[in-house]
């Protein structure tokens, strides 16, 4: 047999042989290779949500893995599936990342059964981030609804760790009921140690609840907003950030200073599967963090 | 680009030679429909006589040889609490014979998504580079509108490209491996008569029927986002995804994983999906970002004709109209575009 | 004699469908030995009325989940007979190959999963995975092969789709995958023969009339031909009613049948008893090794006859695939023009002869349908065998309810009944 | 076998058959290459068709067949009481299956026709969910073993299972089949739930709808298309009624 065509081995390309680094998007790499990671701790937050502390097992990749507040990873349970999860921990943390996960579909239900020591797969980080450095020297308003506190927690850490870079910082958090409240063990610390004005509100109160009851927008009545000097980050269900952003627009904050994180179905994280597309925009690479002006211009975004 | 001519009998020898060595995929008639119209598909062939280079259009596009309907992305083997992930890419070369210009243009568009910018796909790259492509000119096919989207002519993206000059082919050579392969048989340098014959042949390939006017389509789409045209056509949509399956450029997909019954191994599988399917944009928890048929249909057209244009300055559509032919409900781009234009001037 | 035995099996296990066994022996005297079929009736013959001819085969396939290919073939042939359709040669070969796939699949299921546990003293094949892994491996390979043949030729393992009025939809592309597996199966069958040599079949004989298709010079019969019995009855296919003589019994939802005697038997043993000479030499050799020669009147030998048929089928399938290799572009379908008419078809299902009979009006719609199922034909014989079996064994020393229950159950299982099929 | 340090529960499974051909049960014993793993993942405590062992202590009951006699109703209600999860296996259990066509005929007359003077008891055919609550349905005539395996895995790990929502056409195209309508066959593929892998159209027979409706099927357009291709309402009706899953959609 004569050889007419020579087999081409993509793995021999130099980019493929260099270490895996998802922050270098344009390089040819093993896009479906995961970082094997160990679940080092599991913290039960509510009936439905758990916080998973996950550590990349390979020392080299762990030291190389870096991300910015607002980015997400694809978390894989081999044999069960892969899901996009925003990173909840501080981006200065090099040891492990924290992922707050609600029990919903088959992958998350399976994950909720996992014990410490289980090995999962991680790809990423993917997506855009909150431009924290732009907010230096300004007031920051961090607003979350429900599970939205999970992605918001990364910028909160960033603010706390760089407290002197920011002026007045407010966190507004609303949930359906008191028992849905996430990370309540940290509120005291945020309030007192970090000098952040934290306010929580619930839609439906409970006997033990002494705080305010109502929609999250009502908390805005007590916040001083300096239109020229305030940045806002809003995470939550579309209906919630729509109302909040409209209210903040009324209060005079320019749309390009409001940032939201969009949730969409995702199967790749790399601008290929199109599941997260809004029009021609890929939520996974052009987002998930968008400024509100961009969102307004995305047809069918909200 | 180099040009040569090759006798048809020599070309047959060349194909025989290729078939001896590698897998050859070529248009093949697999039957006829109830109206007696021939049905062609790109299929592996083992003899030259199985190939029908005179075909009008294949039912399915050639994309599945680059983006298979189902593709194994990785496998895992489990050992107690641990697992090992394995990934492999295509290594075997193969020949794709008889592609029309629109299908090669489709690959060029896929190249833009799959081989550049963000996260080039090694799966695609390995399939693309392991495929030797021989294109061929043809008469325009009924219902096609490749000219309107500028996909009727192709200048790269193939190894060899043939134009039928009766007893011989005029061959455009676009790669060194194409040149090397040709050197195995007798080829001739082109003469002035060849060039003349080629130009005449090309001229004869101009379409004889009306194709849609697609100028300014991206802006028109933007303006007509809320147009009742979408409701009209959306009401017909069966949400079956057939259009995306036969489309030479639709690349949307889903990923799922399967684990063996004994939990000893698992694999991650990519399955091409379609934005017209009901759950394309539904998220866990139940919210569906595009729950209505018309929003899904609209999205498909926006992605093809507006979104892709914004990013790459050209539409994703190559005008083959396979989607229009396969759609039982008769949803097809020429008519929808016409409707939008009428709507725009109303 | 103070022998009192009482067996009451409600829904016999390891058979297809629902049947009960009642045995009562008091003071050594047989009071009752009954085989009752209590399956829920489905009225397929009524549902067929008014249906378009293209619905007949897909509908009747659903009479039985085990012998759906046989039903499909019987149905297609009856329709083709009514319309005067001659199918192409390649289609006939493909259909026989599909038939072989079903027989292999069904026999393997019966021999290993339904019958063998009794001989190996386990309640099912599941514990055999631990105790006899090599036996289970063989069983799965043989059954898998049968299923694979069905899949390749019929498009599915159960309720085929490619077998259609007029022939077979297309020449299957998967044929070349089969010969290597069939070759391997020959070895597995040889091991199975050795296994069966170790099985102790109950020593029981009752003079029986055996009914089957008759070989018409083209080998061991499976699809369509004259009807024959070991008592010397010979009828044409279309004259099936004279062969079956169905009647309704008060205790059963299945009908019963009779011919020269009170009852008769169909199935692998009947086929072999009538057509031994047409078996391939390799199969005859196996029959000899296992002590099976025609005419054998021990119903438990039906198990052995099935194994012999598996050997025949494996060899024959290789031949059929060989023939098909030269017919790659041969037509597999003819155009069908429906007309008013009537057609009868007889097909050997794994467990015996199966008849479909349709009348069509000029619109190609069914006006009358009749299906006679192998197990329907066997039920009366099972019942009679059971009486004789109990009479013979009840007086055996140390007979217990459990032992008698097992013997009766094994008897019924030996017939490999398709009970829900018999109550269609 | 553990997975990620988690022990799977090995559910006790019982399989019961009612008015049916027992073909779906038979599928449980098919797919021979993974059968050992399948039988290992669960504990089969009752499965009359292949086992003489039986127990009333089970977690998951698979019900095959439609309900068409009073003793079946009693038996089914008893099973429902004992089972934690009740799964309807196959189109007969889910919709009544082909048996449902019987309901269009006069049952007394049907009895006379088949059994003459000795009539047998029979009721109009009903699906399982028309008698008792059903937790999970596995569609198909017969069911696909690959799908059964996936569902059993979800049951074994106790995680939610989502059925495919798309119609058969989608998978039919993924297997390079030619549209049955183009080959002159009326096909229910556009309105029937996928997940089967489209074996019928690939094998040369159009989809007859054994898996019942897909999510949000476009009936109106489908009927228009079928008429346009020359199929009369009677023909469409006969096909829709074949497996019982489309009762009342027209």
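Brief remarks on what is shown
The letters A, B, C and D name the chains in turn, as written, and every chain counts its residues from 1.
By our rule, a residue touches a chain if its C-beta (ideal position, glycine included) is under 8 Å from a C-beta of that chain, and two chains touch if they have at least 3 such contacts.
Values in this document were obtained by computation on a predicted structure and should not be read as measured data.
Two chain pairs, A-D and A-B, are weighed by contacting C-beta pairs, with A-B ahead. The chain closest to the protein's centre is D, with centres computed as averages of CA atoms. Mean C-alpha position of subunit A lies 42 Å from that of subunit D. Rounded to whole angstrom units, the spacing between the C-alpha centres of subunit B and subunit C is 50. Subunit B and subunit D have Cα centroids separated by 37 Å. Of all residues in subunit A, those that touch two or more other chains are 77, 79-80, 105, 117-119.
Counting partners per residue, subunit D has 3-5, 36 as the residues that reach two or more other chains. All chain pairs that count as touching, in label order, are A-B, A-D, B-D, C-D. Within the complex, the subunit B residues that touch subunit D are 30-31, 33-34, 39, 41, 59-60, 69-70, 78, 80-81, 235-242, 245-246, 258-264, 271-272, 274, 277-279, 293, 326, 328-329. Remark: subunit A residues 77, 79-80, 105-106, 109-110, 113-115, 117-120 touch subunit D in the complex. Of all the residues in subunit D, the ones that touch subunit B in their complex are 1-5, 8, 34, 36-38, 40-41, 149-150, 153, 165-167, 169-170, 173-176, 178-179, 181-184, 189-191, 214-218, 220-222, 225. The part of subunit C that touches subunit D in the complex is made up of residues 11, 13-18, 40-43, 45-47, 49, 51-52, 55, 58-59, 62-66, 68, 109, 113-114, 117, 123-126, 129, 136, 140-141, 143-144, 147, 154-162, 164, 169-170, 248-250, 253, 255, 420-421. Of all the residues in subunit A, the ones that touch subunit B in their complex are 1-11, 16, 25-34, 36, 76-83, 102, 104-105, 108, 117-119, 121, 263-265, 267-268, 270-275, 277, 279-281, 285, 299-300.
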